[in-house]
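Here chain A shows up in two complexes: once beside chain B, once beside chain C.
Entry: the complex of A and B
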């Protein structure tokens, strides 16, 4: 098995990307070689049929391998102070065993990334994100009594999402998992090792994320899939996840915005306000990185903002430019992610719109290019601002979730 | 006097001279190129020196060459092909005498993982460093193919151009403006220290910052030289370097053939000894053999000192004479090309590693690089020089017989004039041997595999290529000698105090490297003065 790094060994040069800890377990389920790279790991765009994988999450239980998520453990007497300096929301309000969604910025108030903050205890946090940024965490923790460790390679994770996810976890012996509230976490024993379960996910549905030491990966995977088999459990790839997260109205780094650590061109950086994340910025909690700059921009009106839109007809509006009129005289926005939603029967998208269009109520047209039988056709469809999340079932919030 | 029948004469068949000649010829002028050597190309040549081996004798890798020039002059038709290479190896000597390698790979994650072995932090910080260098590239790149403005002039064109520069600069926003100002004034070492902690990685990156300058990695201004090596691109991949198929000479050959195909004429063994100037206007030139050629439009691809040394000082303002004298060349680089009986092994490099297709480095630390500079200041070649080693034949099948290879070794630093006396043949050989010994410390079978060596000290580069003091860029690339200061303030627009005499070599904006931009910009200025458009 040529997986994972032994830290002092030269990487296998003929194969720059690594396999995740779960890969050997689910390898036999891969039917169509639809691979992709994710943060240096082999990931699957789909295992078989992405539509089926999508419906597993809305109907039974879909499982997504999240080992490639970047994980930083941040501990020490100053951990809370440091986390509060790092992210824009107030983490001092967090109780232990809770998770919050957060965004963090540089001193210009430009978004570095969004992600989740796990709080294990008074002095132990974990930051879960998509991009590596150890040097930033180290540099911004100068003067704080904290230790920061990249544990990406040590911790394996599985997202277990869908209406019967709770039932499967109970069946595996995680007694009490049904009492986890959204964004709560707890540690459960399984076959002599610990499984941290957080009620979190990226699908907008009922769902959990399971975190373990990489060495227990195959045991956890086998247990989960033998328990889930009668309930239609299915591995899923990123194509299904993409559909799910758009329905949930969730943004994705490198789709909706680029980290200000990576932008080269001017005007590509985004503030949390432009991303519609005002609710994550807490000016009352004292200093945090980017506060001064964000205070300044918060006084001014926004010139553009990320919103949800709904487009006429049923043609997915990938990359569409948005205009003020059917004859496309003035561009007023652009689509970042688009989806024909199978469950809503709606043509939805995340899009940047200029002021004042993002407030809604104005006429807007999306310019959609359709590639049909080797010919391009250009269509103009009317569109309008829509509420996000587009899809949010009750079971996502109920505790205990209704068991079906 | 022989009767003149050329509209323009270009002096020097370096790649820039040829670029200018091509554009002028294609614009409908009748153009003659005069080259002192028996071959064309200047510092961009591939001349066989040993059996069936071809070397890139001077310049050896390509990145900066402007795509718009290649397209305008249809260079692909004349055989120019630049193949990007991946790979690269920084060999590390551990304290216990064992060796390791920091590899460069085509895949970002392979790079990251190799770097993570040495420093997890640097693996992340390296991305941020590259991002910041890319930001500087974005700022500078559009300026390469533009004529620099004269900041003291009130001509509408200069004002417009200054305004353009100003707008671009202010458009950067406060943070990036400050970043940019710091960047242009910092030393490479200080700049890298702000990002990186690992010495091997730092010296891998920093070596390029001293190339062609008489500065050390701790000298202010060297951060810019890093950029000069990063701002090129191959087909849009910024910072990528490649090999010209057949050697760098294939580029000058393509330019030459394109020029000939459009009706141009090149004469080799035709060195110019002086320009004939009457009442401030150029009238022609005299060749070394006494022949006189009439011309009232002359473009010099020689460096700025050679150009004005060929003009009677009486015809020049005193300050120009002085400026030319003070223009800094200070050659500091040498070049060795070696024919090899197979690929040499390197300590720390696993067998079959793809890293050898890129640049191989053995400098161990910033201190070592700085000490190498100290040696040069004292008039000695560096005991432990910065070596940029490549084996182009691993990629290019046309340069060596099957199974054989050649290695290009660029050496920083080597004095133009050794302090202990001039370059005697014995001293040349001692220098060559020193470099070979140094490489052999890292390559057990290097000496054994050597078949032939071509050696060029700065003095040789001056004598053979005509680059004053052997400076590879026709003058150092420091801020005081760039943009509107290159080569002389007030004459940075390819013109000179002599009417009809223009400059197009690397001494002019945007400077050295096989880029073609000075040549193309100069042609544009000439045509502007003629009221023509190309």
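Entry: the complex of A and C
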């Protein structure tokens, strides 16, 4: 619990809001006090201008503080068995120093969350996610020889993303970082401490995530920003990230779906299939939590599915309902996240569509409400299923990156 | 090549044996594997010392359906009774006893009003138990109404309750969640009388007369008397083990095989389907289906590798209440004991020591905090009074259920057991002066000992506490309510299933039906 005090030493408000390990280093860059809460931490929606922060990632290098990401270390002789039962994909095939994207479910096959699984060695994993769920992990570990530790407060993380990110890291002395392939990780020395660098991110661009002991946070941040300064490095907030992840076609918990731990209403739970994550579900690896329920679901056809869509005109289609015809006779879907993409000059969105509309090829209309000079206008725009990711530059995959 | 069975039943408790018998009669191949060297589980007769035998778990038969006994031809397979419809006598250390015989109650201190109230009470309760009988006797209904079969089951239940008439239906709904203490207060004056009736709701349970839901367990007990059609409280000749032996004989006659001293270490699972069992010594036996008579905690926390189970399910199983609260006392007596106020001819009756409901509550309180009661309450039988085969040379055996004790697996267990035995014997001495000198052998089985002897987690009478949250389609947990389990080919058939414990075989029979239906 942190107590904010004014000059009279009188507590103003008591908030469970904690500063991240990097916060003291970058707080002088905050220009517009656009704060938000993220897992109990103070986070920034933007530092100065979200558009500029967004373009830093697409053109130079943007840095996002990911300390509040929830991190669980899972270690022990049974760690692999435990992880393989927890998530729906086969992690027994993972090599050490690899990262995979994964999703995990409850008994009913409803998604708890998606996140990344880091494998450090035969017996050491880390699970990175957005929501706390220690209880589920601990109850899932009954019968396994594993230890589970929430290391969220001990490990600080920075996402360093954009075309010149690799170049800046090399300049900092991380020799060989350019050889990291997407979803690979390695440990590098810096000023006498270890920095784990994974080639991962949430922007759909070339990018890395740096993981360190919280006590080295200010040194890492200073080194990164002094190396990056000539390259236009910029701190960014969640508003820029939101634009980036939508262009990358990536879903977000509490936007595209809610964790089945949090839903109250019926029909709000989602299976991996509805989220379009069939490729993450491996029915051949043996049992995993929710497998029997998912197997049953997979026998039936899907009634709705999350897809990318592209909407006519340039009005961001936030929260739009989608219909089968211009006169809106039947609702067949809805938008979960929308963006007028600055780089694509395209009106894109993630949306749930009913069968068979999610397969594409059918006429669809988005109902968009526009607020113009204090009046609402309702517009119907044609839309269509689009390829996801919407934006995926070659540099995202190229190893070593072409940044000389 | 090793034999491949259609069914393996883990555990030769009476439910496992009933299940095996019904399956074998339907032409299925069945193997029962029992960990102990005797079949029967908690329905078993054991030698205490040479020349003296006792029912080492359950000691009175009062819930077995008459049609199950006739279906399996148990009489032809050796089942007979040394006594039926025995009386219940509530003992009084300082005054006259109260005698319950059929639907009458008599006692010097029992008023005419209470006698009449007992008739009324009995009629009311019997009527409600009758309305609930389909609930207790049949497969748990699905909470859903998706299929016509499900709708009809629920409708049938509704109609049955409706048939009570408006007044009694309301009354049932009023009292079903109530505590027995208050209900008995509505009917009776005599405190000892109320306590004696209350014992029927409390034996084996983890609650006192003031706990919510104690009316439910009373109706459960009454339904048992009804379905056994006139047997009442019965003493099987040769002890409870004779019941299990006769079921085993019926099962064998129908072709089932039974192996004792065969403890299952794990349930084999291949391609997400139960495929057999592995015994403690490493022997593997293949089967098309595995049916577990072991309690749900043992089955799913020990016998099934957790790799095959979901976390939510494990959570539910771990949270099941299975803290045994009943202990069992066995005494070998050199001569017939003399109980105060008891006619000599009534030594074969069921005796209760429970002076009043507050004493029951006071006996219950300490176990909540892991302590032993200073004045426990008892259900006592002296089966040798009606069955000479149990004790030779004028000796007698006494078998008593002692409520309420904590589940104690501490390092002091032996010392605590010895101290508690002393407490018990002191109390008995007050009701049967001189009994201490008659004892040639004494044995006290605490829940931990019952756990070891019968392989029941927590040593619990019902495997899983019989409470609303573990009742009907929630017993023991929703995924197991209709005898199948999340793992294909793995079924449950013991007291942990709907409807619950007691020596009655309903869970075993329902399980067999479900297995034969390929049921879900």
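Quick note on the criterion: the second predicted complex is superposed on the first by the 390 of 404 C-alpha atoms of A that agree within 3 Å, B and C clash if a C-alpha of one lies under 4 Å from a C-alpha of the other, contacts with A are read in each partner's own complex, and residues count from 1 in each chain.
Assume a residue touches a chain if its C-beta (ideal position, glycine included) is under 8 Å from a C-beta of that chain, and two chains touch if they have at least 3 such contacts.
The structure presented is a predicted model; accordingly, all values stated were derived computationally and were not measured.
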What is the contact status of A:194 with respect to chain B (first) and chain C (second): first, second, both, or neither? neither
After superposition on the shared chain, which partner residues are touched by A:222: those of chain B (first), chain C (second), both, or neither? neither
When the two structures are overlaid on chain A, which partner does A:142 contact: first (chain B), second (chain C), both, or neither? second
Examine A:132 and indicate which partner it touches, taking first as chain B and second as chain C; both and neither are also allowed. first
More chain A residues in contact - chain B or chain C: B
Contacts of A:363 with chain B and chain C, given as first, second, both or neither: neither
In the overlay, answer first, second, both or neither for which of chain B and chain C A:85 touches. second
Interface residues of chain A shared by chain B and chain C, listed 108, 136
The chain A residues in contact with chain C across the complex are 81, 85, 106-108, 136, 139-140, 142-144, 286-287, 289-292
The answer for chain C against chain A in the complex is residues 272, 301, 305-315, 318, 486
Chain B contact footprint on chain A (complex, rising order): 5, 7-11, 13, 16-18, 37, 39-40, 108, 132-136, 138, 150, 261-266
In the complex, chain B touches chain A at residues 101, 103, 105, 107, 109-110, 112-114, 116-117, 120-125, 127-128, 131, 134-135, 138, 171-173, 175-176, 195, 350, 353-355
